[in-house]
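Each chain carries a letter (A, B and C) given by its place in the written order, and its residues are counted from 1.
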Amino acid sequence: MTLSSSPSQTGLIGRSASALRPITRSFSRRRRKDVIAAYLFLAPGFALFALVILYPITRAFQISLYHWAIAPGTPSEFIGFGNYSKALHDPIFWRGLVNSGFYMAVTVPAQIVIGLAIAVLLDAHMPARTLFRTLFYLPVVTSWVVVSLLFRYLFITDGGLFNWFLHDATHVTGHNIDWLGQRWTAMVAISILGVWKGVGWSMIIFLAALQGVPRELKEAAAVDGAKAWARFRAVSLPAIRPVVAFVTILLVMGGFNVFISVYLMTQGGPQNETQVLLTWMYLQAFSFLDFGYGSAISFMLTLIVFALSIVQLRLFRRPSEAV
Amino acid sequence: MVVGDKRRARTLLGARLALLTVGAIVLIIPFAYMVATSFKQNTLVLQLPPQFIPHRPTTANYREAWNSNQFGHYFLNSLIVATATTILAVLLSSMMAFAFARFQFPGRRLLFGLLLIGLMVPTMMLLIPQFLLARDIGALNSLWGLVFFYTAMNLALNTFLLRSFFQDIPRELEEAMVVDGAGPWARYRKLIMPLSRPALATVAIFTFLASWDEFVWALTVINDPSRRTLPIAIALFQGEHQTSWGLVFAASLIAIAPVIAIFVTFQRQFVSGIASGALKG
Amino acid sequence: MRLSRMLVLLVLTAIVAVTAATAGARVSGAKKTTTITFWNAYSSDGPEVKRLDKVIIPQFEKTHPGIVVKDVPVPYDSLHQKLVTGVAGGQLPDLVRSDIIWVPELANLGVLEPLDKSLPDFKALSSTVFPGPLATNFWKGHYYGLPLDTNTRTWNYSTTALASAGLSGPPKTFAELKADAATAKAKGLYLYAESGLSCWNVCPWIWSAGGSITNSTYTKASGFLNGPKSVAGIQMLVDLYKAGLMPNIILGGTGGLGTYDGITQGKYVSTLDGPWMFAILGGSVKLAGTTIPAGAGGSVSVVGGEDIVMTKSSKNKAAAAEFTRFMLHPWAQNQMARAGQMTVLKSLTKQLVKIHPYYSIYLKQIANARPRTPTPKWPQIDQVFQTELPKAFKGDETVQQALDSAAKQIDALL
């Protein structure tokens, strides 16, 4: 498990592609065959990825440097980082950032904790296991458009399901909450939708991970007399740590990329109160036809997510693990 | 096991079931409402407070949805595209994940980093550049074009997921095969893939779902009504001024059926102890 | 291994299936016909698409052998996005049923064909349609399309709710509106519900009060949008809202009781809306319509509708022109009128009322209805309405202040 222990190999890992050294005779022939094999395994997928994803990313970045004119043949005005500085001075951009951040901060821990809890509960021989797994996964499977409209309806102030439950049925609140009429209650409503829809997703990833934890390890801990929670903390949790790591990273990415639910539940309103970065970007690009600005907003979002991902990778990295 | 342990085990099971049932009910309520509405008639205006049991249940919405304007044809289109995408994406991403997880090669970190960047970029932003690309390579207005693009769009996430799983497979097994003279492809096919069934099943489910549900790209590139996919057909049930909720919900529930089927089939692959069994033997 | 063999089989099956699915489409292209594509947002749920596909297009193809029309309905919310992407990629259809507010934008992008130049019978065609809808096609000296269907907003109310509110009839003037609203509130109902503050919602009130958004050449908003009469129109709404006589959905939040739901439940008496309201609610509510209550400027409403536009990139302009003429012919217009699409032909007004009696009010209202400012920047201008006006309703600013800042921002856009 310790590939990085050999100094020459560490040196190789530490280099970036641009500093490729010719493979010298000090490597065995099998080593070279392995490298070629690696490239062969990588080639078809990566070629497709590079063409369909990476190349458009560079085009999009190019667009962000212009006052881009949509119609082909019309000249576009080069403005360098003008769109980016426009974003920095745009109060709604910052508001969108805060809103996206709030959504992420609420939905990510909730999905991890609840998803993990359900996965733990389901990681056992029990009746109706398939049924439960399917039920929890159902929200994931339903289309975002349909559930966004459904939840918008459920959060209606007078008579919607949530207010009916909170106010009429259980009298938890004194009056009907105008969920979608203000910024923070609306963001909470949208976040509830996000958690509801995403819990099943993290659940099955955690379930797959938990079931990959060798049973002997779990049983060994049981023989030692450890209680269930301690057992979990000592055996399962560390074993699924990399899984928790990347689920977190992915959920953070997804959280910042929230779009459809906001678009359909509040349209970013009222008065741009609930705009998230992507709804604001969509408005700029497809309604106002300012694609340069829209691309710039997207790239700033990417930068933020990238920075956060690096931080998370560092936090989650095990000392012996090389990336 | 002692009798006391057995009783403890049973109460534990009971507690598990109780918690799961409560959780499932809470999660299912919005869903139940969808189902109830789909069996109601004349649902242009949703009722407040929400009714869970329709007065006079009817299957009219389902019949109308299925019989409307080639719905079955769009269903088939989506099925073909999603299936082909899933197979291709799982194949290509598992190969890439194998390379990233098991080999050292120049540029490994850079290439993986590029993959991650592909994951981070909002897909909306790429809509126009990808449209221009699709136009240039002739992938417009075709189901094959959709498969091509959908596969690419799913590669980053799948590779990311699978690499993590592959990394956790013990190397001793692989090294044993190497000693026996097995090449990389044999190791991939005979060892890594079978051992990663849970992960592969997970990735297959996600990819199928993503392609089945994808709306924006399909809407942008498909013009021929005969090549439409299901999400577009469902969106067309929402009128400019009104929406027949029962119809939309019924159509959406029909659309959910295959994904549930795929899920139920593949989630049987989550069998614990495969790796441990292999370790023992 | 079984897995890989299964994989290969599945891939082969997929290949065969996809080829089969697309083969059908390839075969049909063998005949020597001109195919024109027609993008629109007719809703699949209603009778519009059915009538187009099953009645109108077959009739056209029968009378014009050699031309095939491919109807591509797109969900309304996505049509603009699809058009924009199409412009960027140079992949536009021959004809589009475009919302009237997009026509200046598309014309400005240079993708539309100026029909007044390319159709020899344009003058004849344009004289058969209402002038208001025709004007929505005008941009920088040329007409880039022809009206296809039109609509406007009238004062629609539930007669049952009106009676419960203790009123004998709908208000005819601003003054009656204010008085009736108070009467209704005393009985627990809202007389008038409006669902937002975009121009579509409030411009009828500005115009009916005698105000306007811009000058007649659409170049300046200051002095017009924030002129005394425009202010008076908005002030009336603000006064109603502040007195609790209008529901708060006017602020644009999505959580309140919508106009249709409210009217169906008997909580709202009336709203402004187009002819589709009768088609949607007519079955469950006793609806009636009348012209908008008149202010100092009379009873003036806003023009909506769709134009049919031809793209410059079309390779079948002659065939597309034929279809355009066909769609503007009384026969086709009559057909679509039965499907709920109000005609643009002056000659069909009598038939329209025979098809649906509620059209008579719409015909009356549309006679002097005004279009929203034709400019490519309309979406931004509408945004200004929706961000500035709520401040007056919430009491953060006076109506004059809100309209002043709105006019200033709109000036910058024009």
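The rule we apply is simple: a residue touches a chain if its C-beta (ideal position, glycine included) is under 8 Å from a C-beta of that chain, and two chains touch if they have at least 3 such contacts.
Here the structure is a predicted model, which is why all the values come from computation and not from measurement.
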From subunit A, the most remote chain by mean C-alpha position = C
Could you find the two chains linked by the most C-beta contact pairs?
-> A-B
Using CA atom averages as chain centres, what separation in Å is found between subunit A and subunit C?
-> 38
Dist(centroid_CA(subunit A), centroid_CA(subunit B)) in Å evaluates to 15
Where subunit B touches two or more other chains at once, the residues are 46, 48, 128, 132, 235, 243
What positions in subunit A touch 2 or more of the other chains?
-> 156, 158-160, 291
Numbers and ranges of subunit C residues touching at least 2 other chains | 81, 88-90, 257
Residue positions on subunit C within touch of subunit A in the complex are 80-81, 84, 87-90, 105, 109-111, 248, 251-257, 376-377, 379-380, 383, 386-387, 390
Report the residues of subunit B in contact with subunit A in the complex, numbered from low to high.
-> 12-13, 16-17, 19-20, 23-24, 27-31, 33-34, 46, 48-50, 92-93, 95-96, 98-100, 103-112, 114-122, 124-126, 128-130, 132-133, 148-149, 151-153, 155-157, 159-161, 164-165, 167-168, 171, 183-185, 188, 198-199, 201-202, 205-206, 209, 213, 215, 231, 234-235, 243, 248-249, 252, 255-256, 259-260, 263-264, 267-268, 270-273, 275-276, 279
Subunit C-touching residues of subunit B, taken from the complex the two chains share | 42, 44-46, 48, 68-69, 76-77, 80-81, 83-84, 87-88, 91, 127-128, 131-132, 135, 140, 142-144, 147, 189-190, 193-194, 219-220, 223-227, 232-233, 235-244, 247
Using the touch rule from the top, collect the residues of subunit C that touch subunit B in their complex.
-> 1, 3-4, 7, 10-11, 14-15, 17-18, 21-22, 24-25, 37, 39, 41, 43-46, 49, 70-78, 81-82, 85, 88-91, 93, 257, 260-261, 264-265, 274, 276-277, 280-281, 283-284
Subunit A residues touching subunit C - in the complex, by the definition given at the top = 70-72, 74, 152, 155-160, 178-182, 186, 265-267, 269-272, 283, 286-289, 291
